[in-house]
Each structure stands twice: as C-alpha cells, then as structure tokens.
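Quick heads-up: structures coming right below.
Two complexes come next, and they have one chain in common, chain A, joined by chain B in the first and chain C in the second.
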Partner chain A sequence: MKEKQAPDKVASKHFILKLYIAGQSPKSINAIANIKTICEENLHGRYELEVIDLYERPQLAQGDQIIALPTLIRKLPPPLRRIIGDLSDTGRVLVGLDIQKV
Partner chain B sequence: MPDKTTPLQQLTAENDELRARLSEAEETLRAIRGCEADALVLSRSEGDYIHTLKGGLEPYRVMVESMNEGAVTLAVDGTILYCNGHFADWVKMPPGKIVGTSLKDMLPEQDREGFDAMLAQGAKGESRGPLTLQTTDGTQTPVLFSMCPLPQGEGKIISVIIADLSEVVAAAEARSRLALIVESSDDAIVSTTLDGIVESWNKAAELLYGYAAGEAIGRSIESLIVPPERINEVTHEFEALRRRECTLFVDSMRQRKDGTQVDVSVKACPIFDVAGKIIGASINSRDITGRKQIEIDLRESEQAYRTLSQNLPGMVYRVFIREGGRMQFFNEMPTQLTGYAADELIVGTVCSIEPLILDEDRPGVVAEVKRAIARQCAFAVEYRLEHKDGGLRWMQEHGMPVYGTDDAPLYIDGVIFDVTENKQGEIERKIAELTLQKSEKRLIEAMAIARIGYWEYEFATDEFIFNDQYYSLHKITAEEAGGYRMSSTDFARHYVYPEDAPEVGKHVRLAFETLDPDYFAITETRILSGKGEIIWVEVRFRIEKDLQGNTIKMVGVNQDITMRKDAEEVLHRTNRTLWTLSAGNLALLRAENEEELLQSLTSVIVKHAGYILAVVDYADNNPQKSITPIAWSGFEDRYFLAEHLSWADTEQGQLPVSRAIRSGTMQICHDITADPSFKPWRRPYRHTTTGRISHSHCATVAKLSVP
Partner chain C sequence: MVKSKKTSQTGLRAGLKKSPTGIAGLDQITDGGLPQGRPTLVCGGTGCGKTLLAMEFLVHGATEFNEPGVFMSFEETVRDLTENVVSLGFDLQEMIARKQLVLDYVYVERSEIEESGEYDLEGLFIRLGAAIDAIGARRVVLDTIETLFAGLPDPAILRAELRRLFRWLKDKGVTAVITGERGDKTLTRQGLEEYVSDCVIVLDHRVSEQTSSRRLRVVKYRGSTHGTNEYPFLIDADGISVLPVTALGLKHKVSAERVSSGVPRLDAMLGGKGYYRGSSVLISGTAGTGKSSLAAHFANNACLRGDRVLYFSFEESPDQIIRNMRSIGLDLQPWIKAGLLQIHAHRPSSAGLETHLALKHQLIMRFKPQVVIMDPLNSFVIGDNAIEVKSMLMRLVDFLKTQQITGLFTNLAQGGGPVEQTEVAISSLIDTWLLLRDIDSGGERNRCLSILKSRGMAHSNQIREFLLTDQGVELRDVYVGPEGVLTGSARLTKEAENQATLLIRDQEVELRQIELERKRTTLEAQIAMLRAEFAVQEVASQKVIGQETAEKAKLAQGRVDMGVSRKVDAKPNKGKGASK
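For the complex of A and B:
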C-alpha cells in the first residue's frame, strides 16, 4: 500500500468533484452513472461528488462558467479541471482529472 | 519579502493562462462538435436557461406518454395543442383528431365556466381544481386539472395534467358511507389513539354518554366515561389492543356526563393503518339497561317459580331426553318421597327414579310416556315405587313433553305426587263398594224369590221408574220395555188390567191429595204380563212430600200374589159347589113336581154357583124340532125366551143347545163373540156350557167371563 501511495502526490489527495447535468438528458444520465463508477474504483473514500441539475437552477451555471452539459469540474485539488461529455471514455477521464490508474 | 516578478515572467504567466483558457475553450468546442454534450447553457436578458439538444428531451417524452395521467398543452382559449396517449384513451379519440379541438367541448355544460376561470388563472401561474371529463360516448369521469403556464409559451401556452379521481371519489364515497353507518348505529362507536385520546364520537355515543362529539374529541376516554373503579378494566383493554387482540363484549358500567352510571356492554378492537401497524382503537359500547331489567325480571320469575316448586307437595322435575334421560329435580321432595338423597339417586350418569319403579309397573309407565311423546300430549301415570325404607309408595305422575323448534322432543317437565294415602282410601272405598254390591245382590235375589218389584212414580214428570225385578213380574226385561222409565199413559195402556184401571187411578189421586206425609196404602190389583196374562199383585206404597207439603213421589213395591189368589179361587169354587149341592138337595126335598124342582135348581145355580144364567130346555119331537125352555133363572130370562130355537140341523139349529140335543154331548163355548153359530144372537155373556140331562131335557149355564 505504501509503495503505491508514494510516486504521485495527487493520488493521495482528496477530490472535490462537481457534475453539472441537464435534467434527464441521456448524456447527463450516463455521465452520472460513469463518474460514480470511476470514483468508486479509483478514489474510494477520498472524494466528494456533487451533482447539479442546471435544468432546475440554470443560474448556478455562471459560477463555473458552464456552457455545455454535462460537464465535470475538478474543484480540488487545484488547478481546476473540466471534462465535457458523458465520461464514457474512462481513460480520458482519468487523464483529465490527473488520477493515476489504480 | 515582496514578490518581485519581471515583465517577462508576467507575460509568460499571462500567456500560460491564456493558453490554458484557449485549450479549455477549444476542448469545449470540440466536445460540443463531437456531440459529447446534449445541452447548452444559454444566456438571455432574463438570465441563463438550458437548451436541450436533440435527444435530450426523450426521457420526458417517454415519461409523459407512459404516465397514468392525461397531459395536455392548451392555448389560452382552450384549444388543445398537444395531448398524451392516456388522454386520447380517456376521451376515446385518436390523438390526431384531438389536437386543434377545444378541451371545453369535452366538459359538461356546468363545468365550462369553472374551466374558463381556471384557464385564465393557469396562464398566469399555477391553478388546479376538480372537473368532469365527458367522453364522446357520454361517460363522465371525475378528474383533477392542474395547470401552469409553459415558460417558453410567454403566457400563451398552458400545460395541463389531468388526474383520474374516480378511485379517489369512490374511496371518499365509501368513507362517507362507512361514516354514515357509524353515525346511524345504535351502538356508541368511539375511536381513540392508542393513548385513549378520542378521535371520533358518533351520534349514539352522544346520546348514550351526553357529551357532544365536539366536547369529546381530543380528550382522554378515561376522563370522559370511565368510572374510577373501572379504570383498570380499560387499562387491560388497551393492553389487549396492543397485542392486536379484540376484546369480547363485556358487561360493564360507564359514566354519563351528568355523573349517572349506565349498564353497557363494551367491545374494543385495534385499528390498523395500511401498513398493518396499530394506530388506535375502536370501542363499541351498547346500552344494556333494558336487557339488565329483563334479566332481573327473569331472576325474579325464576325465584317465584323456585318458591312454588319448593312448596309443591310433589317432586318437580325435568327429564333431558337428549342427555340419556337425565332427570333434574327442582325441589327437595325426592328425598321425602323416595327416601334417597339427591346424590344417591344418581344411577350411572343418569339421575332418575325409574329404577325405583316396581318391575311389574315399569313397562306400562315407559309405554305411556313414549306414547305421550309420540302424540305430543300430556300424560298421567300411576305406579308403585320402592321407598328406601323398603316399603311401597303409590305415585301419581303428571308430565308433558317439551319440543324444540325442529319438533324433536327436548324435555319432559312434570311433577310426581305420593298418592299412597289416596290409594288406601280408594281400596277401602272399593271394599265398601263391593260389600254394598253384594248386599244389593242379595236384596235383589230376595226380591226375586219373594216376587217383589220396586217402583216409583214422579208427579212432576208423570213418569214411573221400575227396576229389573219389577219388570220380571211382568215377565219382560227393561230392554223389551224400552228402559227403566215409562210415562203413566204407556204404563196404563200396556200393563194395567183394564177393569182395574179406575181403581189404580183412584189410589194415585188419593196419594196426591192426601195431607198425611206418612200416608201408606196396600191394595190388590191385576196387572198384565208382557204376553197379556193376568197377574195378581199386592201393591204397598208410601209417598214423599216436598217442603210445601205437595206430594212429589210415590214409592212402592208390588208382590206377585197370583198363586194365593188362585188358591183363594179354588177355595171359593169348592165352597160354591158345596153351597150349590146343599141348596140343590134342599130343593129336591121341597119340590112337589118336576117343573118346580127344575125351577128351584136353576135358581140355586144362579144364586149360589156364581152363574148369571141357568136354563133347562125341552126338546119337542114335533116337525119343527122346536126347543122350549121349561125352567130358567138369571138376569136375561125374558130376552132369551123370546127367541125361536130349534134342534133341527138347519142354519137356526147350530146353537150349543141344538148341537147338544142332536149329539147328546157336552157343548162348551168359551167365547160366544168368536163363535160363528152365535152370530144371529148377541149376548152380554161370554161363556156357556150346555149338556143333555135326559133324553128330552137339556141344561145351559152361562158366565160373564172365564174367571
């Protein structure tokens, strides 16, 4: 366990993620399912995921300058990263979020 | 230490940031172009909104099309712009034909105004209300309309969700029906929480306990109607409810608002919610004051019956036919009557006195009881019972079978009396009766031997009453005479000798008229037997008078004295013969010629021998063969002499005297009225005897009747 933790500092950090979705649009629904799986498999116990439905509260889009939906934002650790899409390409998501594959 | 950065460093940093932002923008653009996003956040003057790209609305469409409510989009005038499949099914029209029509047309007349108002409200904000949807075939469905304006419609397009209320309405109706049943129930029905707080209180509860529903709801049931001494009972009741048990109806007391107590029967049941959890109690109480009164009355009547039973001098019992003839006694008499205590009378499992009945009496008793059960009637039997002391007791049992609704016999109710004393009295009476019968028989025999008959005559009914011996005097039976009673007219016609009738009548008259209460008379008279024979009787009788001194009855006996009379007659005849002979001898001595002698003799015959006529005729030998009387005596002499008589064998010569002269034999005529030869002559006497006393002389004597 110690060996695995050592190489990357990011890997041991706490992640705060936000997923902006548009109601029940097919990609939003897929994105929720995909990120849940990726987080559970790679960030188990050290992440917070907030799902924000802009359909209900479109004004929340401004804070994170959301343009297209669904969008996943990595709030922490910095720097802020964003990935647009249904997050079905797990490899790209891991790279985008700078997470070492377990 | 202040952060000192060179312009180059600043520019480099700015450049890095711009690159990053550009890369981000490019990535976003790429994602949009690559169809990785299906919604965009767009800005308008009113603020941001979400624009869904193709495919993004699919789930909503599926949801709307498959939901169980009707979904409709309306223009402000009520024109249908869109409807889902469920709505089309409701109104039974294809969706293509629905769009463009007015929803108003699908509502009954009375709902349209309400719909308009709702629509106007729905264009500005949310509005909802119940309406009725009417389909093309006329069926109506209660529905709930929920309206709200569509954001992109700018107040001109309204979305409507229509929910079917049929089940809700039906459930509400069922609820109100149940509520009505509860309200109209005669039982007080109260529902409470599990803590006993009243939640509902029906009309009957108001009437029974005096609290209005408004007063009772929200208060604890214990504080309202449970008397302090019954609190425990209610606590147990609620414990049972928590165990999900219903209590049975239990007789108890509850308290009214005015403090008075009332007899009630209470039953409590738990109330469950849809999930099966106990949420409260339903308590049902019933006023049983009337029933309690009836119970008291019943107890009193039972007591009265018990007292009566105890005072009866017999065993009052009930036989349970269906329990093998178990016999239950209702008083203490069995011990007194049988000598056995109640528990001693138990034979096997059956309590009965049957085994005590004398063996020879038992079959008769059993048969009689069986017969009564079969005929559904009462019975009365007498039998002998073996007392514990070894003695026999006579019992008289009266019973009556009792039947169930199916006509099958259930019980025999009855009473058994000890009639031993009566029985002994009866035996003594029977002995006395037998003695009396024996002495009566002897008397009858004595009367028969003495040839005495008994009779009574009642003046009031003008009837004679005779006994068998009386009839035997007449040589007939009561049956032949037509009974023991006979009117005086019938008696006189059939049984009184005609010549003696005036004498009999005279005696009856004297008996009636006499003032002497001890009047007694003896007379002799002739009566006729049933066959017309003459019988001499001696009649002895006395009379009975009423308080006013009127004779009401003659009571007498007749004794047959024919034999004595016959003997008297023989004596009389012998005397007469002697007298006649003596007088004849005297006449013979005194007579100087034949004519004088014959005249004297006829005179003697009439005077002493009891004949009314005596004649001596002379037969002439002339051609007329005439007959000439030469001596005669008696009351009819002249008349007799006037006749022309002949002894010739002609029509005129057929008289006894003529026949006697011709034949020389004695001619006797017992009844000249029946003798055809006497037809030309009518005579007042009945019997004649004629005989030839010499070749030419013939004598005739005549009597009135045969003695």
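For the complex of A and C:
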C-alpha cells in the first residue's frame, strides 16, 4: 500500500515547468519537442509548461539563474529542480523531475 | 537578440590600446593598463586578492575612466561582494543605482542539476550580454568562471563554450578580467590560460620565515612591453597598491643642493656643506657607536630647515627614541607636534619584506617627506634572506632617489666582521658612507667617525673622535703622533703629556737664558775686576815708575853733589838730595 501511495502522491501533484531556450537552434527545437512528449505521456492534464526564449526576454536569465541552455526548471512541486540539455534522455528527465513512469 | 557591439580596432599603428586599472602601480607595470577590448586572466591561490583586483578594475573604471562594468560572480553573492568592499570606500549599491555597475551572482549547484542531452552556455552569454547592454559596459569581470566546471557536467562542452565565450567577449570589445584559481602545475585549475592568452597576471601570497608577502607578476602581455619582475603589492584600506619600484634605468635627476648633517664639524668634513639633497647616506658601525644619534641630528636639522622627515625605526619605539635623544640635547617632540616629523616603529618581523617595502612606499607617498631615515637596515636580515633584503633596499633607495628624497640609513655592523661591509651589501647604492667605530685601547672604548666615501664632493680623510655630549654630537680631532691615533683619555693624557713636555722645554729655555745672563754677568764682573786690578797695577806701576824716575834724578843729583864736594871740575848733571 505504502509503496503505491508515495508515487501516487507525487503523481497527483500539479507541475509547473519552465523551459528556457535560445532562439530556434536545433537544441531548442529538440528540447521543446522532447518535453512536450514527456509531459503529455506522464503528466497529462496536470502540468503547465512555459517556454521562454531568452533571446526575446534576456532579463529573465538572471532571476532563474540560467547559465546553460536549454534548461528545464521544475518550479512546482518543490524542491526546485533543473535539467539541462536538449532533454533527449527521457529517463534522466523523469528522474530529474521525479516522475514515476506510468 | 544579442546585439554585437563591436568596437572597431582602428589605429593599429598607435599600438595596443589600454584600459587603465586605476590601481596604483599596476598601470605602470603594464605600461598603461590591461589590453583594451581583450580578456585578461588574473590567477592565483586562495586569498591572494584576485577578486579585489577585479573589483577595483571595475570600480575605478566606472568612477575614474567613465567605463561602466559588469561583475559576474560565481562565488560570492551580490550582498557579500558589496559588503566586502565597503571598507575600501566603494559603495556598489550607489554605483548600481547610477548604472555604472551591474553585479550578477551566478548560482550553480551541481546537486540541483540533472543533465539530459546536449547543452551549451548560451544562457550565460545572454545574461552577460543583457547586463553589458543595460549599462553600456566597457569592462567585464568573470569571477571565478572555473566554478562552472564543478557545477556543470561534461567538461568538454564547457571548454568549448568558454573558448567561445572569450572570443565573444573580444567581439563585444569589452575589456574583461577573468579570474582563475591556481592549479597544481598549471596557472589555473582548468587551464584557462590556454584560452585567455592576451594578458596573464599571476598573484601570489607566499609565506617565508613566517611572514607573508603578496606579489604580482605579469606573465604575459601580448603586443605590449611590461615589467616582468615579481612586484610586491599591498591590500589595505586603500585597496590594492602595487610597487613598480625597480625602475628600469638610472635616470633620476640629481640635485646639487646640499643639506646639513646637523653636526657642523661633520659638514666641514663633507666638503664644508654636508650631504647632497636626494642622496643616500649610510651610517654603519657597531652597537652603541652613535648611529641613531647621528640620524637624529640629521632629522632635527632637517626639521629646522622645514623639511618633512619620515623616521622608520625597527628597534626602538617612538617614545624611546625621543627620550634617548633628549639625553643628548635633542628634542624631537616639537617636530612631531608640528607635523614635520613622523616616526614609524615596526618590528621587521611584523610583515614580509615586500609588505614592508610596500608599506614604506605608501607612507612616503602619503607623507611626502624630504628626508627618510631607516634605523637600522639590517634588522631585516633574518636567516639567509640577504639577497631579498638587498633587492628590497635597492628598490627603496631607487625610489627615494627618484623622489629626490634624502635617505639616511644606519647599518649595525656585527662585532668582529669588517665594518666596511654591510650585511645587506648595499654599499654600492650609497652615496655617502660614514663609518663609526669603537677604538678599544687603554681600558676604554672610544667612538671614532670617518668618511668611507662621499660621492661628488671633496671630503676629509681624517678620523675624528666622536663624542656624545649633553649638547649633542661633537667631533674632535684625534691625537695623531708617533704612538699612533689616540682617543679618549689616552688622547687627553697624551695632550697633557705634551703640555708638560712643552712646559719643561719652556723652562729649559728660560734656564738657559738665565744661565747665559749669569755667565754674562760673571764675565762682566770678571772684566770689571780685571779692569780694577789693572787700574791698581797701573797706579802701582806709575808709582814705581815715578819713584824710579825720582830715584834716578836723586842719583844724578847725588853725583853732582859728590862732584861738587870732591871739587870735580867736570860739570855733571844736577842730582837730587845728598841723602842717598
């Protein structure tokens, strides 16, 4: 029971994600595509994803401590998590976001 | 979009453009500052002052050279940075408000970061670019970018990205300072020197003989001449100051003006006028020969002239010096009150040589004295650092000369060793060298002064006896005679002896004169006597002659009478009475 409950708790939570990218580089495009797939598959209906292009809003980089791009930030649920890269390694993205595969 | 604000590097013929750092001394070493529009690597161990140097570069740039700057910190938070430099009088908050400065703290925490696939540092570029564009920055500091290697995975990507970053900074035309922690065998842990190859400055904080000293060296400066030595630097209330003291040439101006040594007789020995202004004077002698007293005389006299005197003492406290000098009739206290004299007493071991030098340099620059006294020099020699001491003193003497400051140094010669040799071997730097020594004879020690050398003036070759009296230093002629050079009581005895001999001689002469007089008198008496005798004899003789004559007449008369009586017909001569 317990083993089942824990993931359920997390799984039931609402996710707020931010993806920082820079323009239409291949890495950016890949990252957007990858995160969308992962979210749809694992967090359907309980996530918000905001894609921020730093070329357009560079002032946002400082606030979220962005250095590497692309960076995915899990704002909620806490704690704050960061995943850098084009998110091509789905397994690591799931670990990073602390999502149990359905 | 990141706007590339390329500054056209025109005027190549004019040589490399430089961004002055505003850090005292560093601009001299680098012949004008850091290469403009290029990155400079500042590396060194922990606590060597990298961050401060970088911060000063930005602050001075913004406040003095109208070049706003961006400070990107990877280690210290904005708050820490701000607080750390408050003590230097930098108000970063105000500078930020005035758009002279942007502080950006980059937080990278490995444990919070998961890697999934390829990444790049475009975020950093964008962030930096935004900051630069926000205030039109001309200067950028990245402190310490190597932290990224600990915070982000995949060093290969980082290296490539850093290479791109430095190229990008160059394209932006900003003058950048990148700091890096010293590595084991390389200048920086991650070999940043490979990427930043225009200018590399190494800072060092080393401890030897339990004293620490900070040094700076420009390892590389493409397209520019620069001083290659290790220069000591100081971090104090004014921030960093580097001492580019070893001037490359001997080009200092010299003065023909003379300054009194404070001892009239010594001035007389020094061609009648004393030392040259701006020259270096060394007084060497064994313990207790009066070196400090002579130095104090010079200080006193300089103050009388209205010169400012900076007195560095390494053995006595200021109060002790003042008390001791009062005992020979010199009161230095009024000069201190009048602001003409400053006495700084430090233990030589209180800091490293370089720090000492830097400190002195700074004090001299602040006080602007005409006379600097260091008493004694060789207390710096601890262990076998004589070479370093020499180089330090050489730099100091050199500095004093360029500033036209008269330097007077004392050197404590060790008993037994030759006094004509300083432990620190700076004799060649010295213009006037006075030698004080003890002459041990007749059960006492007496001080003697002589001039070993004095460049550019006719000076006395005589040894003088050196006396410390209630009225200060006095020089006396020594007794030079068949017994050699005599001093002290021996001299006094000899002088008394001489006087006695003279007296005896005088007396002898007088005696002879009296004798002569006596002889003359005797002779004259004799002559008188002889004359008298002669007179007597003469009278007697006359008498006899008279008698004889009378006799003769009588006889003749007698014969006549007889003839008469005998009825002699012949007529003889008439004679005298017939009684005979």
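For the reader, a short list of remarks on this structure follows.
Rule of thumb we're sticking to: the second predicted complex is superposed on the first by the 94 of 102 C-alpha atoms of A that agree within 3 Å, B and C clash if a C-alpha of one lies under 4 Å from a C-alpha of the other, contacts with A are read in each partner's own complex, and residues count from 1 in each chain.
As a working rule, a residue touches a chain if its C-beta (ideal position, glycine included) is under 8 Å from a C-beta of that chain, and two chains touch if they have at least 3 such contacts.
In this text the structure is predicted, and so the values were computed from the model without any measurement.
Once chain A of one complex is fitted onto chain A of the other, the partner contacts of A:62 extend to both chain B and chain C.
Once the two complexes are laid over each other on the shared chain, residue contacts for A:54 go to chain B and to chain C alike.
Shared-chain residue A:27: touches chain B and chain C both. More residues of chain A lie in touch with C than with the remaining chain of the pair chain B and chain C. In the superposition on chain A, contact is made by A:95 with chain C only, not with chain B.
When the two structures are aligned on the shared chain, A:41 is found in touch with neither chain B nor chain C.
In the superposed model, A:70 lies in contact with both chain B and chain C. By the touch criterion stated above, A:86 is placed in contact with chain B and with chain C alike. Looking at chain A, you'll find residues 22, 25, 27, 54-55, 58-59, 61-62, 66-71, 82, 84-86 touch chain B in one structure and chain C in the other. Residue ranges of chain B in contact with chain A, taken from their complex: 24, 27-28, 31-32, 34, 36-41, 47-50, 52-53, 55-60. The touching residues of chain A, when paired with chain C in their complex, are 20, 22, 25, 27, 30-31, 34, 54-55, 58-59, 61-62, 65-71, 79-90, 92-93, 95-96. If you check the complex, the residues on chain C that touch chain A are 1-2, 104, 106-108, 112-124, 126-127, 129-131, 148, 151-152. Touching chain B in their complex are the following residues of chain A: 21-29, 54-55, 58-59, 61-62, 66-71, 82, 84-86.
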